[in-house]
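The following pair of complexes shares a single chain, chain A, combined with chain B in the former and chain C in the latter.
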Partner chain A sequence: MSRRTCLNAAGIAVVLAVICVLPFVVRPYQLDFLIFLFINVILVVSYRLIAITGEFSLAHAVIMGVGAYASALLASLPISPWISMPLGGVAAAVIAYILSFPLFRMKGFYFLIGSFAAAEAIRLCWVQFNDPFGGFRGLRGIPVLEIDLGDLLYLDLGAPVPYYFFAMIVGLIFLTVMYRIEHSRFGFVFHAVHHKDTLAQSVGVDVRRYRTIAFVTGGFFAGIAGAMLAHYVTAINPGLFGLKQMLFVLVWVLVGGLGHFAGPIIGVTVLSIIDESLRGLDELRPGFYGLVLIATMLFLPDGLVSLPRKVMQWLVWLRKRGEGALARRE
Partner chain B sequence: MTDLELILQTVLNSLIASSFTAIFAVGLVLIFGIMQIVNFAHGALYMVGAYATWYLYAEVGLPFFASIVLATLLTMAIGLLMERALFRPMRGNLFGGLIVSVGMMFVLEVLVVYLFGQGLMKNMTPYFKESWHAFGIESVTISHSRLFVFAIAAFILVTFWLFMSRTRLGWAMRACAQNPEAAALQGIGIGKISMLAMAISAAMAGMGGAVMSPLVRITPQMGHPVLVTAFIVMIVGGMGSIEGALIAAVAYSFFHTFVTTYIGGEIATILGLALMLLVLIVKPTGIMGARESV
Partner chain C sequence: MKSSITRRKFMAATGGVAAGLTALGATPSKVFAGEKTVKIGFLAALTGDAAGWGLPGLYGVEIWAEQINAAGGLEMGGEKYMVEIISYDDEFDAVKATVGAKKLLFEDEVSIVLMLGVTPVLAVKDFMTRNKMLTTTLVPTDISADAPYLFAPVEVHPFYNVTAVDYIARNMPHIKTAAIATQNDELGLSSLATYRAAFEVAGIEIIEENLFGFEVTDFAPVVSKLIAANPDVITWDTAYPDYVNLLTEQAFLQGYKGQFVNCTLDQYDHILSKTSVEFLEGFLWQFPDLDDPIMQGPDTHFDNAAAFYKTYAERYPGAWTAVSWEYAAALEMWRAAVAAAGTFDPPTVAEQLRTLSPVPHAFGDAEWWGEQFFGVNSAALGKWPVVQMQNGKAVIVEMGDVRAWCDQHLDVLKKHFVELGVPLAG
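== the complex of A and B ==
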């Protein structure tokens, strides 16, 4: 084990310890905030899985919504939420797979706008059809998760603290899985498809197939994130998965930095915490997001994750300039 | 109202919708053609135009036409600021330009909320109170405000077309759109042309907002549906092609208005988006777009 991996492991252990203690020291509404943060972490990391193949999708929030709606509708059948949640993820993956046929005929800007159009069409269907989607008011009274082992154990996961740990465990499992995917053979191909599209094709990589795999896998995790949201807040509506939500996902990912696995996680955490501290100024929040986004694109195009390296470079440059100035004086 | 009258009314509605959609989409397409940037803030400029007109006319009490001119100048100034501060560093970076314009959209939307408050009804008594009964038919009515929209839009489009086809500056602009490097080699200042294009585009959006302000609900998000329409028009017409955008604007407005009248608004938008997806799949360059090499 090298020093670097040791440091990484120690860092992760500290973060985990803090996360485990956190629910017992914060106020109840802050616990809600942390649960949404976990769900958003799954969302942005699954978005990165798609984005590393080189295409930016504007359909991710709606894919998440597909998971939420599918799980909520299945649970009202009634099917136990424990089964409907994974099925929600599967439904999101299936929709992503269907969308991938038209969408991956496009590239670049066309893909972006195409994915937006497809997503908006799905979202407007939820608004349009009252039965079964409930129109613009959406679905209500979605059952919460519970663990019922008869006399042995009963746990209502609708309460914040148990759900916090549930979201944490699911989040950690998914992050590990997505990390492993990125560092598997598949993940290397994803990177190759992004950076050397034509070269990858010429050595026999089916670029479209790998983009589809990334899109469907990302869709699956986003769908589960949506189902987790639906079974916690117990009411969903089409407005939750609109363009604004999608743009927020994009902001989190880009401000955090796409180049590194931790980038989106840092982005969503930092921005959500700042966002939360602006709670009193509700209608001004998007403006803050806009300014951060512009500043990041202009001055830190690789995101927050590149900040330490940038600062290091700057320090080295300063020192060199200092030495140079000294040399001139002599 | 008989069937025939309903059809006549819908045709007139479509014509007015197409004129507005055309000036909005042409501004968006112009920016894409010259700078390769998809301006998400275009809808926000439209919104700013509407807010400024409402404020100057209904609150300050300036004459209606003066309010429109001032609102247009204001959006023009914002457009120039955006070009200098945001779009110029992002030149040629399609995704970066898109992202900064999204940021600008958020900032402008929040700015109007900050200045004018949220949730208040921005009521505005229309300047034109009369209506026109088309061809003397009693049940077919078009209010003068909407005729005014049509007149202004037609005037802008004709002026723009004359500018692009008859003046040296217009030729320079077209040269920039076709091949920026070759244009620069001929001594055309790309920076100047970009600023001019941005000024024209922002003025079109702002003036669109100004003349539409008596007819629509003025909210910070009023630009979103218009922007979605403009994207559909832009894709169907072919990216960067102004003629294509004009044709697509008219075709789409007729399609959307007729479906809205006979079936419903949501369905019309869903079908419009599906149409755009179809165009993207079958002919991604749009009806008038140039062939693109890989």
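== the complex of A and C ==
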């Protein structure tokens, strides 16, 4: 085992230990914040799975909503949420597959706009059809997850601490799966499709097929994230999956750094914490949040994930300057 | 010439500002050392599209708290308590509202939570019932039998809109046709159902309706279509404040000469500056300035209404809106219930609030109402003013009786709600 692998393993172990201890030291509302953070982590990493094929979709938040609505509606039949949640993911994947036919006839800017239009069409269906989607008000009273083994065990996952661990475990499993996909043969083809699609085509790669696979796979994970949200908040509405949420996903991914698996995770974590800690500023918050974004894009164009490398470069530069190897500017 | 600001200095300064602002954000707005304090939660949109119905309300609540504190505090059980307002921006988002409700209740331990309504309220409804969180909403269609701690103590939107139409029917007999335009969302639709009912009862025919989407940014075609139908009266229903501004400006530009009736006319000074005093003369809407002489009378229940309005106008010039006083008015009612209950304990205060009869509403005595509509009597319904623009100033022309109208025409109202698919309860 190389030194780098050991360090990575140690780092992951420390992070996991901290995550496991957190629910017992943070305050209740901070626990909710962390649960939503786990859900958003799944969302952004699944978005990156699509983005590494070279296309930026504006339908991802709505695909997440498809999972949420499907799971909520199935649970009202009633089907156990344990079954409706994965079915929600499947529904999201199916919708993503259907959308892929018209969308992957387009590329670049046209794909972006096309995905936005398709997403709005779905979202407006939720708004227009009170039955079964609940219109603007959406759906309420969505059942929470429970583990009921009779006298043996009963666990209400609607409570924050159990749901925190549920979201954490699901999140870790999904992150591992998505990491493995990206580092599999499929993943390498995704990157090839992004950077050299013509060359990939010339060696027999079906570019459209691989983009569809990424789109559907990312959709599935986003759908599960939506279902997780629905069964925790117990109320959903079309506004939760609108353009605003989609723009947040884009910002999290881009500010975190698209070029690295950890980039979107860092992006959503750092920006969510900043956003929450600035909440006391009331109406000044968006302005200050914007300043943080501008500063990040100016000084870290490869995203927050490149910060350690940048810091190392600055340190090397400072050391060399200290040694007189570089001419002083002033 | 060499710049005196290097990149490093810029970054250091930015970091300093960031640290300072973060520290500021983490600090409560006011701390009352050594004094007994009661905390009030404000959970509404302070940023985003719905901020126009949140932020002005927070300003109002802060002024209300200042007035109470300046007078020595809020009296409960023979003791005085300083009032502290703790706000949380829910961005009109269900997820943010869920987090905010938990923060306000468990961490800040507030005695009451003031909310705007609709999406955020629905998201936290089960939570508020489970945790007996006393909550107020400005949208009575949020209330339902399964939410005993949720009240609509001030605004009975959209039902009060009937009073201005009723005023037209009695005072402007030449008005026979109406045209309506508003955004296609829950606020717009529930208000549309109410205006349809009010116009039907008033014998006024609706000859044009336009429900526009949020993607609309050019209102010229919307207004052109309405004016082309040649209506006697136009209403923007309960359009968002920015939409009302733009639609009214368009009507002015396109030479409309008829009557207006509307739910709101927020920041009307701004609209006056974009149109003219003559154009807006006679405009009817539902939200008065609190310095109106009628609001100082013995039949209303808003302490120091004129002083409140004066402070607000001085501190936030041109920012007065429909909601500027409403959250504060909800607190006035809560104060009455606290005084009667002798405690801040939310379930006890909720119980006391429900037994108040008459309910001391800002616009006069009211009663709890809503069982036939929402399944529970949790909305304070009584009088509501009809406001008219006279020489560039809002003037209350009468206090309409919303309750009497609703009791008499409830079936018509329900019919239009059902027709438009607007839920009768949250």
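Here is the rule we go by: the second predicted complex is superposed on the first by the 294 of 330 C-alpha atoms of A that agree within 3 Å, B and C clash if a C-alpha of one lies under 4 Å from a C-alpha of the other, contacts with A are read in each partner's own complex, and residues count from 1 in each chain.
Please note the rule applied: contacts are C-beta pairs under 8 Å (C-beta built on N, C-alpha and C of every residue); 3 or more make two chains touch, one makes a residue touch a chain.
Note that the coordinates shown come from a computational prediction; the quantities given were computed from them, not determined experimentally.
Of the two partner chains placed by superposition, only chain B is touched by A:Ala121; chain C is not. Judged by the touch definition given at the top, the superposed model places A:Asp302 against neither chain B nor chain C. Judged by the touch definition given at the top, the superposed model places A:Ser277 against chain C, while chain B stays out of reach. When the shared chain is aligned, chain C comes close enough to touch A:Leu229, but chain B does not.
Judged by the touch definition given at the top, the superposed model places A:Pro286 against both chain B and chain C. In the overlay built on the shared chain, the residue A:Glu146 is in contact with neither chain B nor chain C. Applying the stated contact rule after C-alpha superposition, one finds that A:Leu112 touches chain B and leaves chain C untouched.
The contact surfaces that chain B and chain C form on chain A in the two complexes overlap at residues 127, 283-286, 288, 291-292. Taken in their complex, chain A has these residues touching chain C: 27-29, 32-33, 36, 127, 130, 135-138, 140-141, 229, 233-237, 239-240, 244, 277-286, 288, 291-292, 295, 299. Interface of chain A with chain B (complex): residues 56, 102, 105-106, 108-110, 112-114, 116-118, 120-121, 124-125, 127-128, 243, 247, 250-251, 254, 283-294, 297-298, 301. The touching residues of chain B, when paired with chain A in their complex, are 38, 86, 89-90, 94-96, 98-100, 102-107, 109-111, 113-114, 118, 224, 228, 231-232, 235, 239, 264, 266-267, 269-270, 273-274, 276-277, 280-281, 284. By the touch criterion stated above, chain C contacts chain A in their complex at residues 11, 14, 18, 21-22, 24-27, 46-48, 51, 55, 58, 87-89, 92-95, 98-100, 102-103, 106-107, 118-119, 122-123, 125-126, 184-186, 189, 421, 423, 426.
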